[in-house]
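The chains carry the letters A, B and C, assigned in the order they are written, with residues numbered from 1 in each.
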Amino acid sequence: MEVFFQTLVAGILKGSLYALIGMGMTLIMGVMGIINLAHGQLMMVAMYVTFTLHAFFGIDPYLSLVVAMPTLFILGAIIQQWFLNPLMKVESILPENQVLMTVGVGMVLTEVMRFIFTSDYKSVQTSYSKSAWYFWDISVSVPLTIDFFFAVGLTVLLLLFLIKTDTGRAIRATAQDKDAALLMGVDSEKITVITFGLGAALVAAAGTLLIPVYYLFPDIGGPFTRKAFVICVLGGMGSAVGAIFGGMTLGLAEAFGAAYIGMEFEDMIGLIIFILVLLFLPGGFKRLTKV
Amino acid sequence: MSFFEVKDLVKNFGGLLAVNGVSFSVKEGEIFGLIGPNGSGKTTIFNLITGFYPLTRGEIYFEGKRIDGLKTYKICKLGIGRTFQVVKPLARLTVLDNVMASAFNRSTTIKDAREKALEALEFCGLAHRQDVLARSLPIGERKRLEITRSFATGPKLILLDETAAGLNPAELNKAIELILKIRDNGVTIVIVEHIMRVIMSISERILAINYGMPIGMGTPQEVADNEEVIKAYLGEEVDFA
Amino acid sequence: MRRYLPIICLILLTIFPLVVPNDYYLHLMILVLMWVVIGTAWNLIAGYTGQVSFGDAAFFGTGAYTAGLLTTKLMISPWWGLILGGVTAAILALPFGWICFRLRGAYFALATLALNEVMRHIGTIWESLTNGMVGILIVQTFMSKLPYYYIVLTMAVVSVVSVRLVMRSKWGYYFLSIREDQDAAESLGIDSHFYKMVSLGIAAALTGVAGGFYMNYMGFIDPHVVFSLHDISIMAILVGIVGGVGTIYGPAVGAFIMVAVQELFRTGFFGTLMAAAKSTGSGYFIKIVEYFNMAHVLGFGLLVVLVILFLPNGVVGDWDKILRFLRLKRSEAEA
């Protein structure tokens, strides 16, 4: 029973970070209609930013959020502006050209990081990395708890932004109906750039929050990209609330899978969920609730 | 048993009743008109008949066989062709290839499909454009390609969705001519049209709907005189000439 | 002239080993021809049917493991793997296609990516069957590369010719219709779900055969080689795109270019970079070149980006565009 609760808590904490990753991806999915297969790689870049700040300037990872998020926002905006938007004007047969482009971008990001930092595993040791607090009998990691609150805070901020601000409303309008949004005078190119930037900033936050408890190497991006699309598919592509559910589900499933089936299956669990969703719940959770 | 019949058709789009209790039957060989203001549910009815959306409620019969719930391609195989209001050309194929792709509906060899496609192109007056890429056609000819393609599948019933919209007067006359020619070739037609001149002049019977509900039914004259129909169209620029 | 080009190429390819009796170049040509098979198959499902596969390695690896396991487990000649590899790949592809083609849009692309990963995990975890990371080692049948060359040449010709035949049949028209507009296709009586599966089935079978050949030729496979996302799945996409999506000979051209590019990166432009760096005597340059030689994936990534930006329809598809570009440059120079 203790293992059960321990796993439950671990899953929820992890799920909150996954929700952050998934929301970034799902925003991009909703507005541009593409799967961003460089999503995990963007996270990896953010992690290196945080790592560098710590290694050279001794800056605490949580403090690095204010650097990593804007940096990745700019990187994301650049990718959208100069690598994805031009493709809309190019005549080509494959509808997935933009998706392929994100694959290429992901490869380049990975290799550039390998170039700079080599393939070695890196990690950031903070004074609180290994510390834990106790909730009855269950030990809970301190950094993961802090992460959880950051993730919840950022999620709330994002939802407020989407609901309350003009830009947020324009993003939602574009996601719902691109043509109608255009008619309403939304500058769609600007919106796509902001959206990609925002998506990148969100996943950057997740990466930075992971740093105190996780290790880092250039190839870490790929698995997280796959997690991101599993979350997206689970939540019903393009739904921000769906992504929160999707992230939580994946976090819990991975935690329980690792605890009860075996560590080596952790990576496969997401993929199995993906296949199950495809089989039994095409359209994801959105299909159930019709939001 | 009627040739084609829909009973109590209902379609609910997440709360929006796009079609709400429409019934009608079509006799073999007639031209049946379907009118209604913008957004009244005409295209949705076509999409329901051809299986693009599942029905919320209702039944559809074709030649005595119940066809609702069948897949779109099966409905075509049974002999119901359609055109799309928002045209869907196979953009990077030539006009001939577009029509051949549909002629395969009733042939298996290239040679046969080609012959049938050329025949259909000739019949619909698009033969001189056969080698042009479909995407480079102007809108009038795209609409004509829609008709040609559905005609080439060898249907017994064709659903025409605003195939005259956006045509100039000369093209309009040719379109009317073509529709009558198709009917004379033994194909039954259900036609949706906003241009009253067209629909009033060629339909034998007309069903008018508004907000997905039937509001009038009868000969063109009866429908044009119908109070409710006039009210529904009030404020819209319609010319009942 | 353009019409006879394929025949001329075929003749050149047939006499190639006689003209260039060099094992290194023969090896490269064998790889090129293997990629012709894979690229042609990818082009059928992605370029002609419009369903982009991001996970060809799943089918390639399945074919390769089929051939390998036939030998190590059942003591059957691995050459049976050429045929059976195609069969098992198709057996994997058909139910997979049945599931994902029910949904439109990005699902298929994502699902192929996931399948790729799942197959690699299975290849790694199921050690009792696959030997896991250790891989499978078999004894090659021939010492000389010549038989392999002619076998893979035959495979390449057969796949190009069969895809050409398919595209000139009813199926071909159906595939293209589905690619151009699935709604229109359905309304013309085309069972898009079924025909996508047909297209995927053929593509997977050809890719599986290529995998079976790889096992035979290399004599060694492991999950990270044959189920590699970058080196197989992305490479297949590149071969298809660089040559020309939706053209018959595009993938053949693409295979040639991509294997050449890959080899240039791998060898650091046949060692010339390293020689140049050494001649400067600067340790810094040498170090950069060393990195460069390791970073062939970086080259790949850059290539993906550049090709999609500037040559989205490949050398064959954008041939006129290339000519125009060159002519423009020349007339500018003359002016």
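Things worth noting here:
Please note the rule applied: a contact is a pair of C-beta atoms (placed from the backbone, for glycine too) under 8 Å apart; a residue touches a chain by one contact, two chains touch by 3 or more.
All of these numbers come straight from a predicted model, not from anything done at the bench.
Shown here, the protein chains touch in a chain-like sequence that does not close on itself.
Here B-C and A-C were compared by C-beta pairs in contact; the pair with more is A-C.
A centroid comparison over C-alpha atoms places B as the chain most distant from chain C. Centre-to-centre, using mean CA coordinates, chain A is 46 Å away from chain B.
Distance between chain B and chain C, defined via averaged C-alpha coordinates, is recorded as 44 Å. Distance between chain A and chain C, defined via averaged C-alpha coordinates, is recorded as 31 Å. Multi-chain contact residues of chain B (touching two or more other chains): 92. Residues of chain A in contact with two or more other chains: 93.
Against chain B, the residues of chain C that register as touching in their complex are 168-170, 173-174, 176-177, 180-181, 183-192.
On chain C, the positions that touch chain A within their shared complex are 46-47, 50, 52, 54, 99-100, 102-103, 106-107, 109-111, 113-114, 117-118, 121, 125, 179, 229-230, 234, 237, 241, 245-246, 291, 295, 297-298, 300-305, 308-309, 312-313, 317. Within the complex formed with chain C, the chain A residues making contact are 34-35, 37, 83, 86-87, 90-97, 99-101, 103-108, 110-112, 114-115, 222, 226, 229-230, 233, 237, 264-265, 267-268, 271-272, 274-275, 278-279, 282-283.
Residues of chain B touching chain C in their complex: 50, 52, 71-74, 76-77, 81-82, 84, 88-93, 97, 100-102, 104-105, 108-110, 113, 149-150, 153.
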